[in-house]
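One structure below.
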């Protein structure tokens, strides 16, 4: 990233709503756009992607946004693909601790953001039985899909209640990505529903994420 | 990065993500490299360089800021007066002087982690068990190393030859009061191995401490101190005990043969390594005038992976580490 | 007070701070203000000092005059040293209810060695009060509705706090005058807390409407160019230097020209607006330092790949500051 | 200064001019506070008590670990606070570390009303009672009980009847000297603060059984609370209880009058 | 979270309330004008065992009782030991900072909150600094060079804190201090003080300082603290709980009457606006159930919310208060024949029970 990029600070005036669209890291105060972060200021004219049914007037103007120096998204939102570790399984649901955001864990949750006192920290989340697979959801068994310690890729489907986010793995590319066998060995995905321990040759059933 | 992770070729996780998701295999993969290098770039035996600054706190009689890597610790020494008449159970005069400090409780070390130094120790809660155990270990090392001289802390009064009527009735010296040293250690940033850093700060602050000249004042019936810095005296520290902490990382598991397991000893573990390890060893070394190190204290907790050989190696490393600290403390 | 079993405690007999013999009058020098009435002391501010926190900052205001020169053990003045760490946004604490907004909590604590009198480890009323003030100041700045069901802890440790008055002036003064001298140091501390917390929150990447900074102004009747009917409004007063009769702290948002926190007390007389304006000017002075520090940190993090080096650089900066 | 009761049987008057079986000025108000479900203000001589009742309301989600046993009936939680200025000397009452005496009073009031309130009508619920003692001059426990009863009536909590409480003391040393001079030992009703400090006394509360409250009740009255913390001759107990029962009956009439007076005002539209 | 902040108002209700308060003139839910105080019931001197006492009941049912007790205390002589020293004439210890402002002590009890919770601590600090003001009370408490009165002001909130309890507690404290009487001093000079046990001879703590002084001196009075909020362009005094929930800024202003009879500000604090904890509404265009557009990305949704600026749906206010409005608040509070004098005048007329 070029170091001569303009830096904007919170409260810095970036234009009016007449001239620009408001982007990430900015806010509007009586018709004027101000920065709300300290970071690199970017102005993009590529607004065509946001064209689905919105007011047409917003399309022509450039949108200003400010990105954090770390570039990181800090919180999971609905639709965010996350990576986490299974902390508990029960008959109806599996508990997941979200440790990184993005399909490949691009944004690691900083330790400071983890919940205090929990195992390993991270944002607590739940994968309900009916959200594990897309098909035959009534036949899914949680215990045959996840084991404690599995690393799982999932998508946030709801902010949930005060305790946990709700996540789903009901897509091909979602599910267990890393698993350790009962003998403590790293396993390979063998099929869409099985991991195999290379040392013992035994298979264990999982909801396997389709390799990218 | 690739080694150890070939089992899952489809993943494009960044090192940071791997470290977060699977800390133990991540650390193992690093150590398995031809030249074992830890994720923080250090070799297994490498310590972090300590830096020491003293005397920066205005309201302390002695103070120090010690930084070891990303762990930063501030220690302030506050001296207060304990009147001999207030002591409920004075130790017998015959008691060995080296036990006096402990008996009287003249050293009050407290290590505080609830300063926001780490998300695991947020304020608003009572001291965590880690904070309590660190305070206790500091106290125990202070006492067992016998670092302070009770004579530095004693305020004596020689009773004058009283009335001429009473023929010289034992013109003796009595101890009227003791200095009590409050050693408040605040961890400002925590990234593993708080004990070594905290101890360094305590020693540096004690070396920096100036106690006012104090005497028993008959008219006032109390201890009066001189405000002049020129009359104050430093503490004479007997020697310089330095602890070095090691973490033991092992792949040993109940499901495997012990022979298959690999073990590494990591000097001066950082926060990530501390979380991935279960076994720790602290060797406290002191060095006499002859330049020969001697082990003052060995503390070992958790696990059963290292034996006498490894401990001997650690002691050797700790001896080398002593010199590093000595230079850092001398420079401050 | 009952003994805290989780900490090391004072010996059973109890201890008292040392009692000093009187200092010869000629060597008892009250620190004097050498800067102009509308000048701020030098501020040192650095972000990113605690790598394990989401955001952190260190703030220091050294005293104008060096106390070591007078050969006394008792310091004549105090500096102000504050560290702040921000942890979050993070999941809500277990016992908390669902919150649609960011749940901001503040915790302000003096180090035991921060003041002339040794402090305890449990927060006292004045520290809790400071925490409430700080929370009020910050709540208005943070865009809380962008962080649903999450919490954020702002933790401040005051390594060295400003004093309430000049320690040497106590003896003959009547208690009536002493009785109301209380708490001026707290106001300087609050201003520092606001500024340092602002830097740490921005460092943590939490959306804010503005860069809030803290500032103090005081009304004094001590000698000096008397303006405004005998009262002099001073920016950034050091309580050891002046006899303060009223003071005001603000948390100021410079680009919006708004205040999220005002704390004014004392014999304000008719000078309330002058005090607020003074405090705002003081906050503006602090905000230039703040903007620079924040900008520098952002630049170095953008320029250098990975935040570690920047953090290390910041740490070294702190070293030098704390030695000096 | 010890209280001189020697003149009591001579003059048949007490220090404050009352006869041995006379109650102090009794003044009670209901619905003193609009924000509470029920409230009362009670003056008994110079003892002044304010009581507010919240509930019956849903049990709080957190806390209340002991609530399991009480799930099928309403739980009454009493919180008594003695104001710092209520006594002769100012006393700092640190919250959270209430002294044992207050805790005992709270427990006593809870137990007292636990048996009177028809709690089974309100399962899974809580009745929170807050009592603030503004001024203490003897008979604080009795005043608290009377005030709580009124506030519960005001809150519309169904009860088996009024709970009326009173203190009874006994003149004379009441100690070991026993034997001679027994004539001087007479029960006295409704002690004030001075008498309470000096004389052995007990607090007695009864719940009205049937009857129409004020009238000829007494047959069905049941003793609900009897607290005595001073040493006293066994033989005197009976006469004291007898005097106490009589006193309770009179207090009940006063309580009844207060409630009816309040009801009348409500009906006349004078009070919301 | 503070109990008064826990409001069951929906974003739509908040929005409605805010826009009515922001009207010119503001329309308040209870029909009051912007500077009108809620009616209250007050009585003073209700407790025989206290030096001064008062009780106030607001119309919303919140009620407070304050009792003032005075004790004689020895004045600390600054640790000064007048003795000879080899070096100098006298000695001194370090000053005791805790003695500052310790001549009176305010403790606040709020049901359901602990003593050291933020709210009671904050309220006590606010009331204390208003009373400290310019030190007048401290002067009144002085007996002689060696002794002073120590006041214990115990504030009891008897009801749940429905709205921010500061004005209620402040007014009750004011009233109780007005009714506070101290026994008349018989002894003279710096000897141990001796007081007349005749209660009739006692003097009021707050009286005309010297009746023989110039006649235009007014009776000095303890301060009162008023709560003011801003909503839109308006400033509104004595907000109810609902009004607080939509306030952009909440300011507590302590005012007192000086000897010339003018009102002046003695202390001022901003208070955390509970409105910042309210939930924002969802614009119609984003509502998945009604809107046509359930598929907008998070970034677009945020942009839409920003552009709305709280115009069509409720959004918790951001930022603070500007200086002009603050000045206006102070001016209105201290205005001649304004709300401050009106409230004080009203309380002055309260009779003891």
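Each chain carries a letter (A, B, C, D and E) given by its place in the written order, and its residues are counted from 1.
FYI, a contact is a pair of C-beta atoms (placed from the backbone, for glycine too) under 8 Å apart; a residue touches a chain by one contact, two chains touch by 3 or more.
The model shown is predicted, which means the values in this text are computed figures rather than measured ones.
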Quiz prompt | Graph distance between chain A and chain E, where chains that touch are linked | solution = 1
Quiz prompt | chain E omitted: connectivity of the other chains | solution = A, B, C | D
Quiz item: Looking at CA centres, what chain is most distant from chain C?
Solution: D
Quiz item: Hey, which pair has more contacts between C-betas, D-E or A-B?
Solution: D-E
Self-check item: Most widely separated chain from chain B, with each centre as the mean of CA atoms
Solution: D
Quiz item: Cα centroid separation between chain C and chain E, in whole Å?
Solution: 25
Quiz item: Can you give the whole-Å distance between the Cα centres of chain B and chain E?
Solution: 48
Practice problem: Calculate how many whole Å lie between the centre of chain B and the centre of chain C, each centre taken as the average of the chain's C-alpha atoms. | Solution: 30
Quiz prompt | Cα-centroid distance, chain B relative to chain D, in whole angstrom | solution = 60
Quiz prompt | chain A, residues touching no fewer than two other chains | solution = 27, 29, 111-114, 116
Exercise. Find every residue in chain C that makes contact with two or more other chains and list them.
Key: 17, 19-21, 23, 52-53, 74, 85, 87, 90, 97, 99, 115-116, 143, 209-210, 253, 256
Exercise. Spell out the part of chain E that touches chain D in their complex, as residue ranges.
Key: 46-50, 53, 57, 59-63, 65, 67-69, 71, 107, 109, 111, 114-115, 152, 154, 156, 158-160, 162
Self-check item: Contact set on chain C toward chain A in their complex
Solution: 52-54, 85-94, 96-99, 143, 147-150, 202-211, 253-256, 291, 294-295, 297-299, 301-303, 307
Quiz item: Can you list the chain D residues touching chain E in their complex?
Solution: 32-36, 46, 48, 50, 52, 54, 79, 81, 83-90, 92, 94-96, 130, 132, 134-137
Quiz prompt | chain A residues within the chain B interface of the complex | solution = 83-85, 99-100, 104-106, 108-109, 111-114, 116-117, 121, 151, 177-178, 182-184, 186-189, 198, 211-212
Quiz item: Which positions of chain C touch chain B when the two form their complex?
Solution: 6-21, 23, 49-53, 56, 67-68, 71-75, 77-79, 83-85, 87, 90, 107, 109, 111-116, 118, 121, 153, 155-157, 159-160, 311-312, 315, 318-319, 322-324
